[in-house]
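Taking it in order: structure first as structure tokens, then the write-up.
Chain lettering (A, B, C, D and E) follows the sequence in which the chains are written, and residue indices restart at 1 in each chain.
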Amino acid sequence: MDIATIVGICLGLFLIIGSILMASSLAIFIHVPSLMITFGGTIAATLINYPLAKVLGVFKVAKNVVLFKLPEIDQEIDRMVDYANIARREGLLSLEEKLEELEEPFLSKGIRLIIDGFPQETVKNILQIELEYMEQRHGTGKGILDAMGNFAPAFGMIGTLIGLVAMLQTLDDPSQIGGGMATALLTTFYGALFANLFFIPLAGKLDTRNREETLMREIMIEGLLSIQAGDRPQLVAEKLKSFVAPDIRRLMEAKKAS
Amino acid sequence: MDIATIVGICLGLFLIIGSILMASSLAIFIHVPSLMITFGGTIAATLINYPLAKVLGVFKVAKNVVLFKLPEIDQEIDRMVDYANIARREGLLSLEEKLEELEEPFLSKGIRLIIDGFPQETVKNILQIELEYMEQRHGTGKGILDAMGNFAPAFGMIGTLIGLVAMLQTLDDPSQIGGGMATALLTTFYGALFANLFFIPLAGKLDTRNREETLMREIMIEGLLSIQAGDRPQLVAEKLKSFVAPDIRRLMEAKKAS
Amino acid sequence: MDIATIVGICLGLFLIIGSILMASSLAIFIHVPSLMITFGGTIAATLINYPLAKVLGVFKVAKNVVLFKLPEIDQEIDRMVDYANIARREGLLSLEEKLEELEEPFLSKGIRLIIDGFPQETVKNILQIELEYMEQRHGTGKGILDAMGNFAPAFGMIGTLIGLVAMLQTLDDPSQIGGGMATALLTTFYGALFANLFFIPLAGKLDTRNREETLMREIMIEGLLSIQAGDRPQLVAEKLKSFVAPDIRRLMEAKKAS
Amino acid sequence: MDIATIVGICLGLFLIIGSILMASSLAIFIHVPSLMITFGGTIAATLINYPLAKVLGVFKVAKNVVLFKLPEIDQEIDRMVDYANIARREGLLSLEEKLEELEEPFLSKGIRLIIDGFPQETVKNILQIELEYMEQRHGTGKGILDAMGNFAPAFGMIGTLIGLVAMLQTLDDPSQIGGGMATALLTTFYGALFANLFFIPLAGKLDTRNREETLMREIMIEGLLSIQAGDRPQLVAEKLKSFVAPDIRRLMEAKKAS
Amino acid sequence: MDIATIVGICLGLFLIIGSILMASSLAIFIHVPSLMITFGGTIAATLINYPLAKVLGVFKVAKNVVLFKLPEIDQEIDRMVDYANIARREGLLSLEEKLEELEEPFLSKGIRLIIDGFPQETVKNILQIELEYMEQRHGTGKGILDAMGNFAPAFGMIGTLIGLVAMLQTLDDPSQIGGGMATALLTTFYGALFANLFFIPLAGKLDTRNREETLMREIMIEGLLSIQAGDRPQLVAEKLKSFVAPDIRRLMEAKKAS
């Protein structure tokens, strides 16, 4: 579970609600019609832009990103070096028995391609296509949340304009002005809040996760090709450690020494 | 027919009209001169920017995108694997009889090039040029709608400035201020609404569709080159499935098993 | 002559003037000092940014883009196929007599390079450099108009700030406020109008034209290299038609059949 | 220590505080709830977007960037030319004894790879992967500060909207309006100040430093490959001096002559 | 000397001062504390972002760009063709005597590399690295001015917020409102003016100049490599003229004919 994301959402809501309570009462800030035009308008524009299945899918993806973590990158490298050892000692075909315990589909596919004896160029080509189009698909999730992050303030402004025009037409009673303005501004408030506390940071979260997954798979591709080429396990380790930060490398060496 | 887009437009209009009715009356929000300057100005600026035929064309394209769906990607892959089977068993020339029933012009062209015996490099080159310039042309449609999405709020603001200046010149009668402001704000409202409920999401829709078509054609190119190279149908399938999401692959395997 | 651009400018001016006349009188919206600071400031900033010759040149370029049209793309392809026929039947040198009637300098240069017997790589290299730097030069025109499209609203705002500060200093007489505000807002109005009815759409127009010219020259390069390589005219036609939209292809085939 | 950054921060704070003291009193501008919503909201949104460890890490990185300087680029080049001399005179293996005194891990790794006799292509590949992913990791730091630079004004605006709505609901007492507005505007002030005096310039600083480090490592890679290829030290120097500004070159030649 | 830049700055100042004098008096628009926070804040944020030496350097660079012009591009091409003639007639080594009269360091370096007999690949590599990193260094100048163009309006807004908050706290005396607002708006005015009359156009100027220099050096590289390859002077001329606009070519041919 990704603590930071949940802490961030809770902290944000706590601060907003706290500010409202200090300045006024929560009841004033909850206005269902304003919520409907801001959130509903955002959803409407997003549905025009993206297929229904993908819009619904993005919330599932976001939930998964928050709830599940990727495996640690140093364990992934250790595993690849392990495989290189096995392949070196017992031949590439001996990797077959590892396939059964493997859950990660990308790595399984790569190992199967190697075992099947496809030439290096073909293996590289297939895995890179797979990686590229995975990135493209995951990019759609970020695209949907980014679009919602743009539409939310826009529909907030549209709601405020409707409220302002309605209020200005009935300017006769000055005592009504304040309340009318306050209500009109609520949609702008909702739009800014949805965009900046949910849509934009979640889009960023998906992007962060996408980069991590891509890095993981680039390490797998490099490792698999190195194993297929029959590189020494030390060289495989050297190559794969180039992808990661010095502190992860130091951690790995510390663990190895112990 | 693309349900989501139509649902999105209806939902958006319903919410906007509902909000207006709750706050005031619809009559106040319909003002023909304001509509003319916002929408007309947007069209005028777009005509300066793009050729007339393409501006008119974009509405036809948008309509088609909403009304027609692309074929399913798994069926397309099945078809390519089918062709690989035929080509493998009966030779490349036997694909000729498939040409007649084919409606998709890009795939027909590719098959004809293969049958005509052009070298792999030439086939790849011609098909990639075709794909690249198709993308460029379709990108124009998105460009036009994006431009309209920028011009609409700008002309909305221009209309509001005209209304404000006119109102400020006749500030003598304070009872007129409210109504003048309300009318002046209507063009800003129209501009924001046109941009965010129509132009920007439709531009996004065209982009989404363009990516799907591009993916479809990239699969076709990869498949055609693989068939021409005489790859085994299993390898063709393996290569093409690299382009698609794991759940589509699972679907394909489930169907095959049944 | 490019009708759409002229229609767009006339339509835009008509709508703006119509809106002004409906709301107030034209005299109120014509204010020479406001025009001077908005338009003059835009010109001043642009002159700091770009060499004088290029700023002056952009208006000539824009005029030419509006007044003259590019040749039709299908005729250009027909010409290249024609040349391929001649070269195939009578040898590359026979293209020399075509050179005299050719007005298009890029194509002439390419043919001359082929006739002079330079190797394929050299011809390709020289023509691509020429194309690349033509694109870069034409991009400057778009850059200047884009810069003006950014500076115009900025100087409009600067003008409004000057008017506001001056007005606020003399707030004693409330009857002056309206008129002062109205005048102050005029520069913002001018800035938005210049940017959105002239500079930004014309920058887009130049870009559209630049892409068309680039496409035309990419077709020429592909055709020339194909002719030099001694390709069959059918193959030359096949290659060049890959660059254009299916409806242009259908048009070409219809004409050929008739 | 990076004087300019510290001077910049002090100068900025001094000017802001000075302006406040000239216009009013500092007490009015310190409002803890406003600070909490602006800064806390920014932190909350950033935590949703990025892993906790990286958000905390960015402040350490920023501190290091301010406190420590990179070695001078001309000394780095001198060192590489030195190594080239040693390698040329005494063989590549003689570089081994230099390894012990070397603190820079990237250069050590490169030298070890050369000594171990890996082929040029492998050395280049490993070092470039290391450089590329170092850039990517360092880019995350800039990304976090850029995100904070976007969220701070957004939460400033959200705070102001809360204040405005609360104030407008209690418009009965006109004497309260001024103070309410003033407090509401404070969050916008904080947001703009945090973003423009801290987050955005520090993001830029990280980017500047990242480019310098990348340049340093590109020089190291070029130098190492040149040494491995057995280039004459003069050629190594010539190649490496191509990376730096003419005035640094002149400085190096002056030092050498003296 | 670059007339256009100086004309632009003078014209801009003249228009701004003229507008101020027409609307009010200059004294009202000169307010030292407002100037200090806007300009000082901009400098402070820029110092945090960039090293002190580079911030100071940018003003020297900007001055040089305004005061000195690049040599004409047609003369540069003539010179390269000249060298090609000499190299062709008297051998590459004969270029050595040209080195002494050459002031342009990039061209000298290239000629020296050719004379020293380095292989074509090495010469190309060294010169391209030099060009690439020169572009990167010059890009820093543009980056600094662009950053100032962003910070100036931001600190203008910060100043206005300080003024507004201070004013709103003392709303008791309505006669003070106008003057307070006017002063508060001055920083926004300064920020917009500095950004749009100085920083942004000067950043653009540096970019324009950078492109011209890059073009000049790309011509030199192409020419040097062509000379080294022993190309005929006519071919050298043909290649280099591909880089420039048709009207410069016509000019060159006219001069040659006369």
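Here is the rule we go by: a contact is a pair of C-beta atoms (placed from the backbone, for glycine too) under 8 Å apart; a residue touches a chain by one contact, two chains touch by 3 or more.
These numbers come from a predicted model, not from an experiment.
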Each chain counted as touching chain C and chain E at once: none
Mean-CA-position distance for chain E and chain B (Å): 40
Rounded Å distance, chain D centre to chain E centre (Cα mean): 25
Residues within chain D bordering two or more other chains: none
Round-the-ring chain order [start: chain A; next: chain D]: A, D, E, C, B
Touch list for chain D against partner chain E, complex: 2-5, 7-9, 11-12, 15-16, 18-20, 22-24, 28-29, 175, 177-179, 181-182, 185-186, 188-189, 192-193, 195-198, 200-202, 204-205, 208, 211, 215, 222, 235, 238-239, 242-246
Chain B - residues contacting chain C, complex: 33, 36-37, 40-41, 43-52, 55, 105, 113, 118, 122, 125-127, 129-130, 133-134, 136-137, 147, 150-151, 154-155, 157-159, 161-166, 168-172
